[in-house]
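First subunit A sits with subunit B, and in the next complex the same chain sits with subunit C.
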Partner chain A sequence: MPHQFIWLIFLLPLFSFIIIGFFVRPFVRAESKLAGYITILSIGGSLALSVWALFAVMAAPHHEIPVPDVTWAVIEDGVTIHLGLIMDSLTAVMLIVVTVVSLMVQIYSQGYMQGDPGYHRYYAWMSLFTASMIGLVMADNLLFLFVFWEMVGLCSYLLIGFWFHKPSAADAAKKAFIVTRLGDFGFLAGILLLYLNTGTFDIYELHELAIAGALAGTTLTWAAIGIFAGAVGKSAQFPLHVWLPDAMEGPTPVSALIHAATMVAAGVFLVARMFPLFEHSTEALTTVAIIGGITAIFAASMGLVMNDIKRVLAYSTISQLGYMMLGLGAGGVAIGIWHLFNHAFFKALLFLGAGSVNHATGTFDMRLMGGLRKYMPWTYLTFVIASLSISGIWPLSGFWSKDEILINTFAHQPVLFYLAMITVFMTAFYMFRAVFMTFGGEYRGGEPSAHGHEGHHGQPHESPRVMTIPLMILAALSILSGLWNVTGHFGAFMGHGETHGFFTGLFHPFTQPLPWISLILAGSGILLAYAMYRKSWISPERIGSMFKPLYTLFYRKYWFDELYENIIVRNALLKGLFAGFEQFDNHVVDGAVNGVAGGAIVSGRAIRHAQTGQLQLYGLFIGIGILAIIFVIYFFG
Partner chain B sequence: MVIGLQHYLILSAVLFSIGLYGVLAKRNAVIILMCVELMLNAVNITLVAFSRYVVPAMLTGQVFAIFVIVVAAAEVAVGLAIIFAIYRGLEDIDVSKINLLKW
Partner chain C sequence: MLGSGYLTTILFLPAVGAVLVAFVLSNRDRVIKWTAALFTFVPLALSLILFALFDRSPEAAGLIQFQERALWIAPINAYYHLGVDGLSLPLMVLTAFLGFLAVLISWKIHLRVREYFAWLLLLETSILGVFLSLDLLLFFIMWEIEVIPMYFLINIWGAGRKEYSAIKYVVYTLFGSAFMLAGILSLYFSTGSLNMVEIGQRGLGLVQSIMPAAPIFWLLLIGFAVKLPVFPFHTWLPDAHTDAPTAVSVMLAGVLIKMGGYGMIRLCVTMFPPVAQQYAVILVILAIIGVLYGAAVTMRQTDFKRLIAYSSISHMGYVLLGIFALGKVSLVGAALQMFSHGLVTGLLFAMVGLVMHNAHERDLRKLGGLARQVPIITVVFSIAGLASLGLPSTSGFAAEFLVFVGSFSSSLVPGIQVYTILGVFGVVVTAGYILWMLQRVFYGPPLEQYDGTADADVLERVYMFAFVAVIMLVGIYPAIITDIIKLGISPIAGMLGG
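Presenting the complex of A and B:
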């Protein structure tokens, strides 16, 4: 594959952004759908090239195509920074994920965003978002990667705050930006630590140094943990998970993109990209696994009680990202990325399904939905497929990657394994709770829309074809994507000498005890949801009041928002640190400025008494002065 | 007693000092102007004395003295005019009250 085409994968969406941003938006009328077509075309082109790249990488020796790099900047002292691309198996897989999900989201958005006054702006940011993520997965040095890392953060800020006239959206955008920035600080510190110790930003060189043992010990551990801090922020891991549920304020397709392919996947990808560094530091790898395991169960528990369908999905994403981190920490690159790959399709599908439901009912509150199965058969069908997949039901894709993670966790992190097993049950329960509340029973009315669509009164209706077709494609992928690794192909393709995959055939799981246990747990989760929310055999309210403290704990999200907002931000920062800064500013900085001015005034006030206006006095002083000069010259000159 | 150069110079210094004292100490603007004249004339005496004793063949000092007298006359004319103008405004020629040139 010629390397110009590899560059094009990244450049096509970037061109699309430039064309839309600088030409279409100012010069084409708002009702035109041109921006969407340009975006779809460019991302479609990227997808085609990514597929080509995937096959080229599969055929290439060591699954890697070298791409000549370009000199970006030469700093004195001989520091040269290259702009280069990596094209290996990890990049190729990520490219498929990003371009497929992005393309589906863009097509879907043609229906969802129709008539929005910010239509062109939306597509401009979406193109830039996709371009940034593609750049991120292809970057071959940490500095270059960091630039795209921040661009992804910027685009998610712009898109979460897309309806910036709503204060809640503006706040959510700021929250996402600032919380991820905390992690990015660690990432940057990690990059600099690596550079100071090795003198290179190049990812492959760093890999080799770590493998050769030249980069080891506490330096490696701290650098890896710094990088992981960036991933924690981006991938919304505990304790920086608070921004992701609020990121629901953006348009739903944006959530789909953020949750499936771009933003949050970047964190998992980063750990996978830098995996040799983690691999050679047991502490760092254990940290990744523990944070992942805790996040998985922690987020799932909050997902159990949310009433907003997008929030359920948001906590589900955090939980699944926890799984990916756990997979990376306990298994390796192939295991973690395998789950990322499958998750991207079904999570994008779930979000687009939620958007479709919202399109019909004008609300995200599941208590106001119900009965949509009859009105929206395609949305219902695809949503159920995605839910089965995320719950880990054989033979859908979620099963293959989730059980791969469970098996590896069982082998390497036995304590976290139990947490992960409980999470399996929770996942199935909250997903089917959402399914039954949304689609089961009778329609409960909906609500006038919160996001600008009008006329949702009366019967809900199925979404237009442009929205349902991406759902169907993603549903097909959710079913089929798992088959790639049934015999360990994916693992071998990613292969860095780790596990290639545990299962050896489509029916092999049934010969093992562990898949049975996880299937039974998932099945009982679904059954419990059926009993509580479909048949009302068990009253959810009764259960809620039975476990009142626990319910409150989950519903209030462990008071993390309150902890961060009220205690840390309002008290520790605003009243403590920032108040201290304010005092410093008011008294020391302003004091210095005002003191200089005040000193001039005071001394002037004192000295001005010398200016009597009496010329005779001036004359006297002149005379005394002359005498003094004569005196000095006479005696000392 | 032979009158020599030094006697003229002492006379000149005494007159100059009296004039200077008057300029600095007196309140009446007219008297100050008179004291200025006194200082100028002290200088004239010096000029003529030096001319007479140091370079008797030349008249440079005398000529200079005449110039000073001319300038002094002009100065008095301007000075009195200023004093007159101040008097019209302030009804007074006490220089301690002419103190607008201050903070």
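Presenting the complex of A and C:
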């Protein structure tokens, strides 16, 4: 196939958005499922082309194929901006992630969003969301990358706030947009700094300049940290993590997409895409690793105590994104992206599983669930597979990528390594806490008024095929996706490490001490969850009251929301500084204007008395004036 | 020598319409409105033709096109001199566009219709005159004429403290133009010429002058600074915008305040490049204060219209930043920001007017949940809001990005990188107040008292979509405007040497 076809990967979902937004939504009746089919078809097309592109890239020299570009604008004489696409190993892998997860989510949504009054709108935004993310991973210059970056942010704003009549959804959407924009500010500043010093937005040119050392020193460090600030916002890293847990206000399939393949993955991708810049600045790379390591354990600690299943998953995402950043910072592109790749499938599966559970019970509160394994065998089975995978149990996918991160962290960032190890234990614990609370024991009744569906008061039931089949496919991927690198092929493809035999690779971890330790930690996390939430050998309440301060700290999310929303935004800024400005504007700036006006009237009244009409008096004034001028000239002239 | 007469036609058709409406035609609403529509539509069509005919080749850089020149007052060497270059052409098109849409927006005016449209049409001519004049006397006359219709439009058809706002606008503008007149007179006595092109090209530094250049620069600048407005001369703006009728707010925010930015580039920077460079830091600092302080005060507003008005102060800060960063790209960005802001804020004011008209409420604390009741207004308002906060694919992003890139990489102003970064931070605050406003008005549970609120009717949809189409067009392909602007900017940038 000619390389022009690569454009279609991006354009198909974009066309889908345009068709749904401008033709289907206004003219097709609300019950029609046409919008969903158009979206599925177009993203399916993108997936097929992405698979083809992946193989083409694998076969190509230097794992890179050229894509024809178009000239978009001429900034200055000689400086043109091309709208071009990159097709290298990083992009190829990201495309697989985005299109596979998006396709699964779109199919699942046909069931989940059935009968929602905003059905067409939903698929229009979903198409645009996918198109923007594809554009982001393919953009060959920072300007367009930033454009798609913002479009991804817009789409998540629209989808998180999809049920905008709920104040909590509108709040969450706004929060997501503004918090990520705070990071975008850094990203934009980084772009400006790079442009100032290099005169280019082109990503490959920037790579070469960094590698050649033309771009170095503090400039490079600041630019890289600026770019990383953007990634911190998008990938919900500490301290801009606060938007992601609230972002579950959107429909659950949206959360699956946001948490797995689009939006939050963009930040990790950005660091990977600009990696040569980070690589040549030790400070920047260390910053990435430290923020990643802190975020991993910090978010996991909050995941331990949440009762809302989506919140547990949200904190788990933040934590896993921290792992990816740590992998990038300590190991490199291949390590970080490898975890992103595996994580995408099991995290999408977990969210879709949570959605399926919600479909049956009408709630996300795990305290109201329980016993669902009997009623929803497929959801249960797939959810457990994903939980084992994320906990890092051999030979599921999560094991392989987490193992790589731990090995590299141990080698390069020993302090962070211990944090990462504790996080392994926490991850296994909170995931299986969720599994046992949701699926174990007896059913605790669910939400009395559920999900808008009537007649839910009886027993929960398994979700329809259109929802469970994507779960099964994703479960298969959660088991198998890790095998790509058992032979070292993924790493080699991404330019890291060498390949070896399959069975050597498969059992290699058992010859090392480190995988044993992490497996034991994960296993004991699962066991502890089993003991506490399945068998009640240990009472969670007693543990909670034993570590009351710690429990409160985690449960109240370290008071970050209070700090940001109440203390900084509401009091320090809105009621403090901004109110002061407003008062200043009304009374001082405008007061001066009105004062001058009033003063003019008053002085006019006073000076009026000088206008007597007597020539003698005027003559006197003229004389005084002349004397004054002579005086001035004499002394100053 | 009189040229093709295109520009004269564009300039005076609205005024002719005003005369017809005021003195000739019968006093029937329909007749008056259709006449006003016709006499604003033809200039729009003609200006689009000029836009298409405009020579975009690189050789045309700095060239005045469609020039018309005739001796007007011989003793003082004053000419009737019109022409457009890359800087003024987009502003002319914008004025014609908003002038026509302002008539459509005013379709529901029922109070003293004849007078209203006469003043509105006269307003368009005077603004066009400012952008088209190349003779300082003509420029100044047009600048001053604009105040009269504005005064009556706010005073009679306004709302709230309209009398106060109207007189404040007039006095403030006259305060500024007094300085400007002094500046223009000084220019005239220094050079003996009123020809803006000539003075600009010769460069004032080369002219034997009886007055140093710096005072003239500042006299002119104060006049423009009041108009733009620049902190601390901005307090007329929220009052005038808030109390003016909708269409007048659209014109005011859309094109009138651009006269300030245009004047700064055309007169202050072009004629006094070394002086501009000398004092650029002061103006850049004022620009950043405008951006951040303006945005902060905007956050505090509870009146729907006043919020949009205050946001203009913040957005005009970017224009000032772009101009006095003195880089080629930053100047292009400033000019594009003027064009973009005209569209975006024009649309925002039109939409605010619509919401206030249909829902009979302007207090943001009392509005809410309108998305269900007025879905079309919600969609268009959201697009306008997103354009205002500089989202890619809208004109706002293209303009702000060019301002940032251009300013940041400018070499003429010390410390410009720091100021630019501070300015970039303004986009975060902007996102804050725009999204807060959208949520306040449209999201949340629908409120009973707004049941039955009318959504946009056919006419309203027409002008809304016209706005949205241009905003998106410029956002997706900004070169359609920047290719023209560059021709006007490159000679100026050449003189600055940046």
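To be clear about the criterion, the second predicted complex is superposed on the first by the 563 of 637 C-alpha atoms of A that agree within 3 Å, B and C clash if a C-alpha of one lies under 4 Å from a C-alpha of the other, contacts with A are read in each partner's own complex, and residues count from 1 in each chain.
Note that in this section contacts are C-beta pairs under 8 Å (C-beta built on N, C-alpha and C of every residue); 3 or more make two chains touch, one makes a residue touch a chain.
This is a predicted model, so every value here is computed, not measured.
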item	value
Which of subunit B and subunit C A:590 touches, first, second, both or neither	second
Chain touching more of subunit A, residue-wise (subunit B, subunit C)	C
Which superposed partner A:154 touches (first subunit B, second subunit C, both, neither)	second
Which superposed partner A:462 touches (first subunit B, second subunit C, both, neither)	neither
Contacting residues of subunit C [partner subunit A, same complex]	58, 168, 171-172, 231-232, 234-236, 293, 296-297, 299-300, 328-329, 369, 371-372, 386, 391-393, 397, 401, 404-405, 408-409, 417, 420-421, 424-425, 427-428, 431-432, 435-436, 439, 442-446, 477-479, 482-483
Of all residues in subunit A, those that touch subunit C in their complex	72-77, 143, 146-148, 150-151, 154, 157, 161, 164-167, 169-171, 173-174, 177-178, 181-182, 184-185, 188-189, 192-193, 195-196, 199, 573-574, 577-579, 581-582, 585, 589-590, 592-593, 597
Touching residues (chain side subunit B, partner subunit A) in the complex	20, 23-25, 32, 95-96, 98-103
Subunit B partner contacts - residues on subunit A that touch it in the complex	608, 611-616, 619-620, 623
